[in-house]
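Okay, so chain A shows up in both of these, paired with chain B first and chain C after.
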Partner chain A sequence: MSIMTLEDLWVDLPLPEGPRPLVRGVSFRLEAGQVLGLMGLSGAGKTLTACALSGLLPPPLRAARGRLRLNGHALDLSRAGAWRKARGSQVLLLFQGAGAALNPLMRVGPQIEEALIAGPGLPRRQARERAAQALERFGLGARAARSHPHQLSGGMRRRVLLALAWALRPRVLIADEPTNGLDAASRDEMSQMFSQLTQELGAGLILISHDLRGLASWADHLAVMDQGEVVEQGPTAALLARPEHALTHSLVESLAFLEGAHV
Partner chain B sequence: MSEELLRLAEVFMAYHTQDPPVLDGVELAIGLGQTWGLSGPSGGGKSTLARVALGLERPQAGEVLFHGRSLAGLNRRERREFHRRVQVVWQDPYLYLPPQRSVQELIAEPLAVHRLETRDRRPGRVAELMELVGLVPAQALAKPHQLSGGQCQRAALARALACEPELLILDEALAGLDTINQARLVKLLRGICQREKLALLFIAHDPRLIRLLCRHEAVLAGGRLRLELG
Partner chain C sequence: MSGSGGILAWLARRLAAVLVVLWGTSLVAFSLQIISPGDPAELILRTRYETPAPEKVAQLRQRMGLDRPAIEQYLAWLGRVARLDLGRSYRTGEPVSREIAARLPATLELALAAFALVVGLSVLLGLAAAWRRTRWLDRLLQPVGLGLVSLPSYWLALLLIALFALDLGWLPVAGFGGPATLVLPALTLGLGVAAMQGRVLRVKVLEALGQDYLRFALAKGLGRGRIVLRHLLPNTLVPMITLWGMSLGSLLGGVVVVETIFAWPGLGRLLVEALLNRDLPLVQGVVLLMALLFIGSSLLADLLQRLLDPRLAGEGTHG
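And now, the complex of A and B:
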């Protein structure tokens, strides 16, 4: 059963001469435990789609249309007010660069606590316990919990975000370029931690990336975006074997070249 | 063994006296036209090695030799010549390309600084270089912020190639790019290295990219450089 269905999402940039659509009619579905790769070149609208899904579109951008079915609830994405109540913290977006996602002025333990109080509405003591548990689950102890984000390494900051996700138990986890700038070993470690986390939560994972190589080995399904539209989607293996759209074609060709298949 | 172009001899660097050294007796000889790949864990000193090789940082012990002569012993004119012949493209072009200059100005600047063409031939040379890296004439007036990451990296590459270098250092220069742009730039660089006898020091996390571009490989870890015999 799908845990999430997105239908006909449009995101507009309002301009004096009329709205300019930046995301145009995007639809896809996500099953529990599934990893969906949202692939495209920069400026294709991948991040905007993720922001719209999690209610975080930066003004003046707005969702002009779009229906989201989540856990049996139906939501009209163009009605901003409908958001908070129905969504809770069921769609969690982890931004590229863990530095940007964390509050630099707050110690990381209290940041997770705060999210648990504001989102699922836990009482403070319970929130504190769950935050400590979450950090420990990702190998971060009491000392890390008392640290400010800048005192932690990049890898530790990424694990703080995973701990946050674990504590909030979202149904849908969206990760925007989660492995950018990591070396091969850390990349594998990161993808393993993400996979375990989504399994454990029974959640679906949407991975956003412009690196097809990372996605090809990680995602079960791929959706290829170009100029605000999903131009092709399907199971990863099938899509890579028989690309139909010109962009998917050149992506697959480039991938084959980089993998050394046609040197 | 081809003639030696650049050599790091027993190079030692430590940022703090109490920390382990970043480069601990590093030895690397790059011959004319040789392509070298350099990998190693994050924070392992790869970019420090690049800065030392570029003469931007002076090693605390050891020396860097360019055509057999120590950088420390070059006079002003020779040093200028060294800085022309050893060029670099860093990972993030937006961080170091002057943001107020257009693509054609970015590429023309080194031609003027190093007096590489007569003044009236420079616009033609700029157009050639733009074509070489796959930028279209319509992009000549664009400034870095108006270009995508891939386009901007091409402009940075054209600016480096304008100097007619003997050695090009690429520090994770393909890392942030999408799959299509990575493949295009690898093909482009392979062609240039073969045609122009350009030597390469290609720093990358990704061993597959290194194997596509380089014949020689080295790994830097714990301050030590290990040569991979391939």
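And now, the complex of A and C:
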């Protein structure tokens, strides 16, 4: 059974002359343990789709339509209030630029604990234990928990966010360009940690990227977005072997060209 | 990052700078004695005799060391000040430190009340921005704040007195004693600064609202109350501390006019009285103390900000 299905998502920018749709009728489904790659050029609507999925559209943008089935429960995306409980513990969105996602004035451990208290409603003691466990799971000790974000390296801060995801156990994890700005070795390490995390949680992972090469080796399914619409989707191997849409075609061709140059 | 040496080294550097500033202030305070017209010895004797005999004046000048070179006088005076001996008032003969100690509480009461108004009102205005992006408030605050700050305080005081004391009769016109008498002087002193700082804080709040860590606080499922209290407020208020420290200093300076208008028996009025009486030791004492309070409050604010912001506190990285 799929853990998430999205049907007919529309995101509007209200303008005096009438609403302008930025995301137009996006639908897809996600199975447990599956990695769905959301691919497209800048401005295709990938990030807006992710924000709408976690109820985090920056005003004045709003989801005009869209039905989400999450873990068997239906959510109307056009109603902002529907999100309060699902956010974080059901759907967790990790933004681009992981380093800035942590409050600079707060120690790292409590930033995980507060999410466990707010969402799953753990008592403080248990939240602290689970946070420590989670940090340890990603190779960060008690010292890191007591640190402020600026005392940690970029890689450590990324692992803090993974630990947070591990501790919160969301059904769906959305990662927006998680490997942006990383060198090849850290990119591989990061994708491995993400895959393991998804397996362990039995969650679905939506991966947003414009890097087809990364997605090709990582995602089970691909959805290609262009100008607010999903123009093509399917299993990664099949889609790459027989791209139908012109955009997918050119992306696959340039990938082949790069791979060729690499050899 | 401040890095080298941490907070103690920083404090030592700042204290050294404070000493230099205080020394500069002492030069200015002392030079009042040199450049002001009239002979202190004659002034003192005039409080006792109608026209003091010239030989008596000369005698006293010698005893006070006024016949010696200025540099020598300065060093002797500095030596006494360093031992907290500010001399005696020319007019009353009382030790300056005692005169000041008698007036300081009233001034602190007024300055702290105005300061509480500045902090409270600016935080309220700033938070209003977080709740809703109320653009009309931004448009209103800019001219009103600027107007209040640029209005001379004696004019603002008169307006407030006319409205609240004369027309409405809610508050006493002037005087000292009880909370009711504190309201108008504190408003006069703090209103403009509060409006301006409210604007600064609003900008900081709007800035913080666009930061990733606030969006992520929402993404990880926190409620609005917690986001405001634990994430938004600390990140906007900590950078305000320096500004608040400086404003406390300028409020202390503002008391000179405000205390005179409202017949408030504090340091400001003491200074005005001393100036009118050409009571130099008293003037010097008040000037030095005000400088010390000004420097002290901004130093304290800087220190507080360093302690509260881990990025400034110079904790080492372990990356």
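The rule is simple: the second predicted complex is superposed on the first by the 256 of 263 C-alpha atoms of A that agree within 3 Å, B and C clash if a C-alpha of one lies under 4 Å from a C-alpha of the other, contacts with A are read in each partner's own complex, and residues count from 1 in each chain.
What we mean here is this: a residue touches a chain if its C-beta (ideal position, glycine included) is under 8 Å from a C-beta of that chain, and two chains touch if they have at least 3 such contacts.
What you are looking at is a predicted structure, and each value in this text was computed from that prediction instead of being measured.
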item	value
Fit-or-clash call for chain B and chain C when the two complexes are aligned on chain A	fit
Chain B versus chain C as contact partner of A:Arg213, first or second or both or neither	first
Partner chain in contact with A:Arg143 - chain B first, chain C second, else both or neither	second
Which superposed partner A:Leu168 touches (first chain B, second chain C, both, neither)	second
Partner chain(s) touched by A:Pro104 [first = chain B, second = chain C, both, neither]	second
Chain touching more of chain A, residue-wise (chain B, chain C)	C
Touching partner for A:Ala184 - first (chain B), second (chain C), both, neither	first
Smallest separation in angstrom, by C-alpha atoms, between chain B and chain C in the superposition	12
Touching residues (chain side chain B, partner chain A) in the complex	41-42, 148-149, 175-184, 186-187, 205-209, 211-212
Contact set on chain A toward chain B in their complex	41-43, 154, 180-186, 210-213, 250-251, 253-255, 257-260, 263
Contact set on chain A toward chain C in their complex	54, 56, 58, 84-85, 87-89, 92-95, 97, 100-106, 114-115, 118-119, 143-144, 147-148, 150-153, 156, 164, 168
Footprint of chain A on chain C - complex, ascending	1, 211-213, 215-223, 226, 230-231, 234-235, 238, 308-311, 315-319
